[in-house]
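Naming follows writing order (A, B, C and D), and every chain is counted from residue 1.
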Amino acid sequence: MSSDIGHKLKISVFGQSHGRAIGVVIDGLPAGEAIDEEALYTFMSRRAPGGALATKRKEADRPVILSGLMDGVTAGSPLCAVIENTDVRSGDYVNLADVPRPSHADYTARMRYGEAVDMRGSGHFSGRLTAPLCIAGGIAKQLLSRRGIFVGAHLLCVGGASDEPFPLLPTRELFDGVARKPLPVLSDAAGARMEDEIEQARAEADSVGGVIECAAIGLPAGIGSPMFDGIENRLAAALFGIPAVKGVEFGAGFAAAKMRGSEHNDPYIVENGRLRTAKNDAGGIIGGITTGMPVVLRCAMKPTPSISQPQRSVRLSTMEPEELVIKGRHDPCVALRAVPVVEAVTAFTILDILLEENDHGAF
Amino acid sequence: MSSDIGHKLKISVFGQSHGRAIGVVIDGLPAGEAIDEEALYTFMSRRAPGGALATKRKEADRPVILSGLMDGVTAGSPLCAVIENTDVRSGDYVNLADVPRPSHADYTARMRYGEAVDMRGSGHFSGRLTAPLCIAGGIAKQLLSRRGIFVGAHLLCVGGASDEPFPLLPTRELFDGVARKPLPVLSDAAGARMEDEIEQARAEADSVGGVIECAAIGLPAGIGSPMFDGIENRLAAALFGIPAVKGVEFGAGFAAAKMRGSEHNDPYIVENGRLRTAKNDAGGIIGGITTGMPVVLRCAMKPTPSISQPQRSVRLSTMEPEELVIKGRHDPCVALRAVPVVEAVTAFTILDILLEENDHGAF
Amino acid sequence: MSSDIGHKLKISVFGQSHGRAIGVVIDGLPAGEAIDEEALYTFMSRRAPGGALATKRKEADRPVILSGLMDGVTAGSPLCAVIENTDVRSGDYVNLADVPRPSHADYTARMRYGEAVDMRGSGHFSGRLTAPLCIAGGIAKQLLSRRGIFVGAHLLCVGGASDEPFPLLPTRELFDGVARKPLPVLSDAAGARMEDEIEQARAEADSVGGVIECAAIGLPAGIGSPMFDGIENRLAAALFGIPAVKGVEFGAGFAAAKMRGSEHNDPYIVENGRLRTAKNDAGGIIGGITTGMPVVLRCAMKPTPSISQPQRSVRLSTMEPEELVIKGRHDPCVALRAVPVVEAVTAFTILDILLEENDHGAF
Amino acid sequence: MSSDIGHKLKISVFGQSHGRAIGVVIDGLPAGEAIDEEALYTFMSRRAPGGALATKRKEADRPVILSGLMDGVTAGSPLCAVIENTDVRSGDYVNLADVPRPSHADYTARMRYGEAVDMRGSGHFSGRLTAPLCIAGGIAKQLLSRRGIFVGAHLLCVGGASDEPFPLLPTRELFDGVARKPLPVLSDAAGARMEDEIEQARAEADSVGGVIECAAIGLPAGIGSPMFDGIENRLAAALFGIPAVKGVEFGAGFAAAKMRGSEHNDPYIVENGRLRTAKNDAGGIIGGITTGMPVVLRCAMKPTPSISQPQRSVRLSTMEPEELVIKGRHDPCVALRAVPVVEAVTAFTILDILLEENDHGAF
């Protein structure tokens, strides 16, 4: 198992949903950076459940920073932050072990770790592990914003309901506005349609997938490397670490496959004496290297696999078919709460890449 | 710059399109494996240009193995293979340096490496660098097939023309059949439509994008790890190293975003005493770990950026707008030749993951 | 800063001596391994101060495991263990910031992290950070011993007083016997001379260096790789992470430089039908790969830099010479408490190497 | 097997002594650096055999650069350089396979790679593989010297004959002077004694060990990181990749174990307005971070294991004792030719560390 990532900024996530605590170690933060714990908590609250659209479980999820700070400032040493698990009800998950939930990691975990390992409550695969990702990303966002780099995301679609995409040149204010909404969308009308999709899925004991669009602005041109160390490689390697992500695309992405070069190519223009492209189908990255335009990516999130409808499965001990009914409370649309998680993972990956360009915090 | 990838099987690619040679070092091949150089060359020929649909440049592209073999068998030491550059005509690229080609890496490379670096002929960004990837992948395919694991790919779509997707349980014979076709598709009727798309683009001095679908069969369940070391993370990190890839998805991928859980979840069934899923929207991977079903992925390829139509760009030395006309020969659809490249990258990544599970070649 | 190490078994250490807690995340432990927390604590007690020969500070140092276990058994997910800091008296270190202590990391840390970083109490450089190393190593020792692999160490010399070296074939019982002694030596007479050296140094407000010899038995032949991934490379890279280590040697080590080949070469012999070498000047490693003989290494530990004698330094703010007198309590011989630390680092490095050979715990 | 090392500057070595060619890929060289191939070849000649003191085999060892340069200047893409094997006489090694040479990697390689692998001529373990290390190090030295950083080494002892150590502040001129001598020593009288030692060993069909001292000057203070990413960890991890190295120490090294703190600690002084230490028992590194004083290290080299005297071994196929007589030509003292190799490995490791501090070549 490998729950760590990063070259200069190394993120190591730990915890199971049913253990004492979950958390993260962040190694490689530059020294001398003030960390605003309240702002971090505000950011993390965006992924916390609570609205009518999300699960009813309560999670305080306030991280406690055990190391790495002195008087609120990074000391150059690894930062460890933990969140206690206070609301563990593994009873909800009893008896799942022998009958794997379809499209859930029960079966693959059993094949990987053996029968001895009890995967009730989803163990290390739990969506709850996205909280430590948000700690790391929330801190990264603070460092980035201090350098004029901002990361924002919104729900681009839920089932059949679609938000408008980010404009060509999104602003920090746009990101902030979206982040303050209960449903992180650009168009509130679209948001209302998404709520309908989610409520309808919930009413039918079902779930629904979605797409999250994320952008990073303020990155200079010339960051990244070709081939295996490009911005796309690095971001994709991290983003697929978010549970339920099944696709990642940049710029025009899969739509580019249907385009002509004359349509897809981004013409260079000069505006206010600076070079930029007239549009951004490249998503801000060519040859693995930033163009200076916004980095734009999209993550496809599958529907929550835990649905309350009866499902076909197999009892592993007998290899007999068995109808499975999953109890417990589950988000009907994981994409909703994953919006700040995509921001977080994008932010710490970009910070890692920037720190590689110039270590010691002076980037 | 980082042109290497892999944990146990390390691939280090070198070469520019205008240098003496291009090649690859493969470190970590198990000892005692026979390498069939003819089969390797046959595999590599699949990416070579030559058909009416591809570029007219001649490339012998026969690799010479400098180290790592004894009497045709791997010795446990790193294998280095090189391909000489015999047909270098950088004159075709003269004068591009100061006027960057839209959606090509000229500008980003200049911002990354400085003006001193002449990026004519695309340097290390060249599609020609996919030949060394095919050496590594072709060798990996030989080791995998010996263990009952097969990797195949086909053109799923070109512009508006679409092939049928792989069936639920593709076979080695299916892969072999596709690989022998001049146009690697399942449906020859679809192939004819794709050829039309490509020819039409060429006739209009344009290019067109495409999607490649790739599958790996024979992988046991329980391979991989959650979070950042999952099969999806590893494959995506490698696949985005192929020039022109702008999106990677697994299983239902972006289509999952529009699905309900009841539609997307893969029910478990028993067939001939063995567990499998009734369908495979997971693409053979749940929680980063193989289910035992085929691993299925798709790569979106952007249209070739080098088109002969006049394009808007900027002369960097004066920051004045300039119309650019690109000369030289270019594939109108890079997706076509990239089919074996996607296979290759998928193969060496899977071999790397399997070697990590059990080193010393006895996996 | 990089406080993590390991390929399959990844150790990420966090904490400063003056923070809330110190600890470690261990990623990659095979699932299904029982962890004996009492045995772990017993092991850790060996590095705790307390005897007349060590510092008087009290440290409970009992680790709390936050994640990674279910009912005392590893779950395959990362294990995080923390130790609270209860006896922080940074006042002892006040005013050191501007006058760096000779041969201490004050000055280098300031140059690395900037003036803003207060290095009082030694921050992340503290010897206290060896406690998390012992958590990781103590757990690794439990897994190794279950597979017939045992790691032991002793003080080989302190100043001018020398213990006898390990015999050619040390046993588990020998390791256990040494570990139970207040002073971990083979010869108690030598131990008494070492105590005299240490007491004399303390009485003279001074400190003294030492050498630790460590051996690992039970490793099969054929583990490791040539060049940069050999057993020696891996162990040295980890052992130099222990504060105060200034040299690492294997087998005859520096003595080999004075030897003839005819004297140094280890003849092969057969004993009870098994191959071994008649002596072990190779320290169990040839060409980076184990021979099957005990792995034997030695670490040179410099004298504790914090001595109470007046020392010459410079006030950085004025660049004027200043005589420095260090207050606070300090071990006169760090080598003494470092014996289990060397064992720990050796153990987790060997476990990491073995896990690479065969993942999934079935090595 | 892992023959690669480095974070930003990645070195991947390939080749066996009996293959077509040996070589190295260097990934991560900053773009825009002129490479002087003649100077590189001059550096490499220092490790080439030829003098009366070394083996009689002829090796041209002139590297051919296949990629990574344009008009003699680094292009930012990986540099691959190869050396053809022209003088392969594996017949000399026939019949060694079944009777392992004492203290040679024959046996461990067989246990690691299996019987199928013919290790005649030492395969990838050969001392000949130090030539690619010298290519990488020779190029690194050119980049470092351009930035005022110089690396030099000398033979500190051979058997019982010792050179004087480097002075407290060695200069570039001192390094250059030593490099031009046939025997790289400070004191020619000491050199004459070393030659006697080597000649006597050769005359007695024996070999002899040695110690190499290496220093790097011009490094600023504040480079490196504590714990596992310190200068000592990085250098040791690389230096143990040189065949025959059995010990690595920094500054006072093992001598520090016999010292008091009052003797070992380096007082800070001010000279010409700049801080330095009055002596340098720390070897220029405290807490893993440079002090600004010269980095000083020593490598212990074991005697060449291939000696012509009869030796005790075992025929593996029968497990019967057998007297072994090794034919072929062998250096009686590998330490002699290893002097530039230690420089090379030190140089590329330091360049790697500096590039991490500030990527893009502008360090």
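Basically, contacts are C-beta pairs under 8 Å (C-beta built on N, C-alpha and C of every residue); 3 or more make two chains touch, one makes a residue touch a chain.
Because the structure is predicted, anything quoted here is derived from the model rather than measured.
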Equivalent of B-D within the choices A-D, C-D or A-C, defined by over half of its residue contact pairs recurring: A-C
Farthest-lying chain, centroid of Cα atoms versus that of subunit C: B
Between A-C and B-C, the pair with more C-beta contacts: A-C
Rounded Å distance, subunit A centre to subunit B centre (Cα mean): 27
Centroid spacing, where centroids are CA-atom means, of subunit B and subunit C in whole angstrom: 46
Centre distance in Å when subunit A and subunit C are each reduced to the mean of their C-alpha atoms: 38
Numbers and ranges of subunit C residues touching at least 2 other chains: 1-4, 13, 109, 112, 124, 360
Graph class of chain-chain contacts, one of line, ring, star, complete, other: complete
Subunit C contact footprint on subunit A (complex, rising order): 1-4, 10, 12-16, 18-23, 25, 27-28, 31-32, 64-70, 73, 75-80, 82, 109, 112-114, 116-118, 123-124, 360
Contacting residues of subunit C [partner subunit B, same complex]: 7-8, 356-360
Touching residues on subunit D, where the partner in the complex is subunit C: 1-5, 13, 100, 102-105, 107-112, 124-125, 129, 157-160, 201, 204, 206-211, 220-230, 232-234, 236-238, 240-241, 243, 245-270, 273, 275, 277-278, 281-283, 285-292, 298, 300-307, 309, 311-314, 316, 319-321, 335
